[in-house]
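You will see chain A twice below: alongside chain B first, and alongside chain C after that.
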Partner chain A sequence: MFKFASMLMTPAAKYLMLAFAVLFPLVAANEYQVYVMATAFVWAIAVYGLNIITGFCGQLNLAHGGFFAIGAYTLGLLTADFGWSFWPAFVAALVTTAVLGFLVGIVSLRLKEHYFAIFTLCVGFIIYLLIDKWEELTHGAIGVRDIAAPYGFGVVDFTDTTPFYYLVLAFLVFAIWFMGRLSKSLLGRTFLAIRNGDELAQSLGINLMRNKVLAFVLSTTYAGLAGALYAGMVRFIGPDEANIQHTFDMITYLLVGGIGTIMGPLLGTIGIVWITQSLQFLEEYRMIIFGPLLVLLVIFFPRGITGSFLTWMHRKSQALVPGKKREESKVNTVQPREAESNA
Partner chain B sequence: MLKVEHLTKMFGGLAAVNDVSVEFETGKINAIIGPNGAGKSTFFNLISGMHEPTSGRILLGGVDVTKLPSDKVARLGVGRTFQTTNLFEQATVLDNLIVGHRLRTRSGLWDVLINSKRLQREEKSARDKAMEALEFVGLTHVAGQFIADITQEERKRVAFALALATDPKIVLLDEPAAGINPEETVGFAALMRKMVDEKGLTVCLIEHKMDMIMSLADKIMVLDHGEKIAEGTPEEVRNNPVVIEAYLGGDEDAAA
Partner chain C sequence: MNLFFQQIINGLTLGSIYGLVALGLTLVYGILHIPNFAHGALYMVGAFMSYFFMVDLGAHYWVAMAGSAIVVAALAVLCERLVFHPLRHSPPIHDKIAAIGILLFLEAVVQMFWGSDFRRMSSPFTGILNFDGLIIPEQRLLIIAGAFVLVVALQLFLRKTMTGATIIAMAQSRDGAFLVGIDANRVAMMTFAISGVLAAFAATLYAPINLVYPAMGHLVIMKAFVIIILGGMGSIPGAIVGGMIIGFAEALGGFYISTSYKDIIAFGLLVLILSVRPQGLFAKGAH
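Right after this comes the complex of A and B.
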């Protein structure tokens, strides 16, 4: 069992997962399944963004869904109303979410902990209201139609589901690759130090504001990337994309998968999207199954699937190699003391 | 090394630290004692830049650091530990320590994206620094353990190592021996002495354990109600009637 478990975390396992993702459209029962998987990948990218600011940096950002919508609307409006083609609009969507992320970040990150969460909750709602009510720009409740699909430079046609699936997969792989590199780097460690506590981080010479804003901008850019891909995929968006519900869905994916881990956002998102899909026939009653499932997960895997798994693995490996030695030496130092007290 | 002139911090109408002037010499162990609520921790927070003083000046090696934020003060060589240190429980001791040297590195987002030479070099130096600090506090054998799996005493040593990894010139230790047994306390006293003797650091600590202070400190400052009421060698402080009155003489209830 242990051998099997350690195999799961090797680079080989990651290539295996990648191979599965690449082959998935070939083995999928129908196009709809490919579409669902592509949707799950899009959400996973957004959840990776949330993981940077909330998982690594410890700041619960409840405006994340709002930035997803800003990415989607930037792409949607530029292509549908202003006649831009997809890729320039795509870049503009990333820049817009990054710039707005910076502006929101420098204001909201002055607040700490739950004040920050409440403030960003309001920001998220304001984004929703702007999209819903600013009809001259956003068409309000009617939404945006005729969004351009990405053009494939004459090589591929991204209006088909499968090519689009691969496009999303490519961005997802990049998102995970960057997350992996970030987490191991000094910059990622800086974010983690902030999560451990503002005061401690400052005493280590870390500039809180600069690093928090950087993490925030990275996270909103991820959200914008996911939103833009989403708009290019569904080609029709409405104010509901900014619904706060999406933010809480993403937090659920993150918690289930494992907050602050590399593979957690992916596993959590894909797992829940597919469970939700397979319970679709139950309609509203699916929550009867889904609810208890979540409760069990929180009880038995408080750190999410990936987090709990990694902890378990580490304990195993420590018990096998140097930790054991330590256990023995510990026993040796304890025993004489016990003998004394017995005497 | 560290010179404090007429330092005052008001919280509303209350003077938490009131007109304190003191000088801590290089390579000495300086203790700050006083009853609960005497302003000891506030004094540390002022020096480390966590709070801005209401009035007075703080000079670090001749440089005025009075108005600097704590991250800048840390970069100028002030390391500190807290009464409780929040570490990343589900990460190894070594992983927790690597960030300690971050303030001496410059790699940013771009270095992460292209995995630059600078980033690789700095990550190696941060790791080496962490190992060095771990060795100094005598914890190399738990480098690979999760923080959640080590003892209370080892956690305190990790907190020391984290402060040491910042390459400080002076370390502020807030109750380093709180919550550990007498045997371990002796070990910590030895460790502080080693910081001074081997690294040439200036140590400044807040402590309630009198046995330890009296045998360890080169110089003691006594605070009471935010004011400095005495200063001197352990011998002088021990025999100072004002101190005995305020603190040692068992009149603690009146003082508190």
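Right after this comes the complex of A and C.
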């Protein structure tokens, strides 16, 4: 499968996408479009985080939006209330989400499947309630204003939309690059092994807890990175950032794009963000379409755009090269269906 | 002392509602092993249906409750047929995501028709009973009595009727149930219908002392999940006991500790308990 994944992501195709992203501010009709694209990139980074723990490691983390909010609030509060400048606060946001992710991880990952999903749902809700009610620290429902923008060391001014867009793009490229490296590494394969069956992975000598916690910390750090960038871009945040709705949105992006794939989170996020943008009237009622869409996707296309495309490519190549063995490509398949159903 | 008893009554009321919602959830989990995240949406639809029957059609409270129960039961069966049945062989993560899809859909539909305003629902039971300084609103008494009757009725149904026995058989052993010729589809649909009826009853009972709005199911469903984890997933007595624990913890905690943090208590309790005992308070629920 990776052969075809790499065909889709041949250097040429990847550079083409990157070139388009780099040129986008030049071809965009107005600054607003650049802004929307930057927002989509920020969400995409968070969705990549969700992809690590949910797509690769197979644990449905419903507190992901909460960690996004923690990243945003750490940056917001440190710059607005404690007078830190952006970059130290940015690093602090990453460290905070990683540490909290570790603490939540060592407790929650002792639980399996449904228990884990429900536990993280509760953790997400606790994060939301704390942000909403702990007024002395978080300003409660008023939210945090006057968040510092990243300073460009005198070279660029990140308060402008376009420089910020490139900043986010740089982080996104790094996030995807890291994801690609991860998926090919032993660690990434370890995560896949855990997703495909706890017991089997354990019998192979994989330390379940350590790897799951590692995946969880990586995912929350991604969420914190996205949250911090979001706070630096919007420069005003409220308790609503921790709303469970954001987690559900991210699951939709991930599933539409293709859960457990490398390009899926990016395609899903950008696609849906632009569809909702172009159908503004949908904003409030978008879930009337996306709710059933989620259901239809998990029933008919559980692998999303990218996964279905890869399968299609695979089938086509099988037809063309009859001598090729099927097993060879099964090893790396990102589809949990067969493996998990007998677990 | 009266204040304390007042909190006991509040705890009983909350516990009854949570218990009813958790019962539906635990029944479905016991049969199909699906954590139905959409159950809160069914609860919310139940409240809106009662509101619709009462305010727009002028039906009596009891009639509205029955009508709402029928509608929600039908909706739950529809969910089972259209969504969970096709997904029965999928990895569990898909069921959860599909349930979230249903939840989002139902909420958006209700919001489209009724908007996101908070609505007040009236009830014919507005009187207040005064027992020597202990004040009990009639509606709260009705909730406690109603929950009691429903739980007893459900127990009788499960223990004394053939159809009820098939549900229990299926929860005990799926393969065993197949062997003796139990129709899995029928049991699944029936379980979803019962869970819908319980959700609609709970919502209609609780709505007059609370408010009706599209997001009303969120907190209730999350607490119901906490309850069935505490009580053991799939356990019926566990759901009732767990409901009471959370109800009392919330009423007493809200009164003696802090009102604004009372919603955290249930979740804090869960985090605490699961940190110590990952398998829940009463591991492996007895049927």
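Here is the rule we use: the second predicted complex is superposed on the first by the 291 of 343 C-alpha atoms of A that agree within 3 Å, B and C clash if a C-alpha of one lies under 4 Å from a C-alpha of the other, contacts with A are read in each partner's own complex, and residues count from 1 in each chain.
We adopt the following convention: a residue touches a chain if its C-beta (ideal position, glycine included) is under 8 Å from a C-beta of that chain, and two chains touch if they have at least 3 such contacts.
Keep in mind that what you see is a predicted model, and the values were worked out from it rather than measured.
Of the two partner chains, neither chain B nor chain C is touched by A:D160.
In the superposition on chain A, contact is made by A:E199 with chain B only, not with chain C.
Of the two partner chains, neither chain B nor chain C is touched by A:E31.
In the superposition on chain A, A:D146 makes contact with neither chain B nor chain C.
Looking at the complex, you find that chain A touches chain C at residues 54, 58, 60, 107-108, 110-111, 113-115, 117-119, 121-123, 125-126, 129-130, 133, 244, 248, 251, 255, 284-288, 290-295, 298-299, 302, 336-337, 340-341.
Looking at the complex, you find that chain A touches chain B at residues 178, 181-182, 185-190, 192-193, 195-197, 199-200, 202-208, 214, 218, 303, 307, 310-311, 314-315, 318, 322-323, 325-326. Listed in rising order, the residues of chain B touching chain A in the complex are 48-50, 69-72, 74-75, 79-80, 82, 85-88, 90-92, 95, 98-100, 102-103, 105, 107-109, 111-113, 115, 119, 122-123, 126, 141-142, 144-146, 149, 162-163, 166. Put simply, chain C touches chain A in their complex at residues 29, 33, 35, 82-83, 86-87, 89-94, 96-98, 100-109, 111-112, 218, 222, 225-226, 229, 233, 260-261, 263-264, 267-268, 270-271, 274-275, 278, 280.
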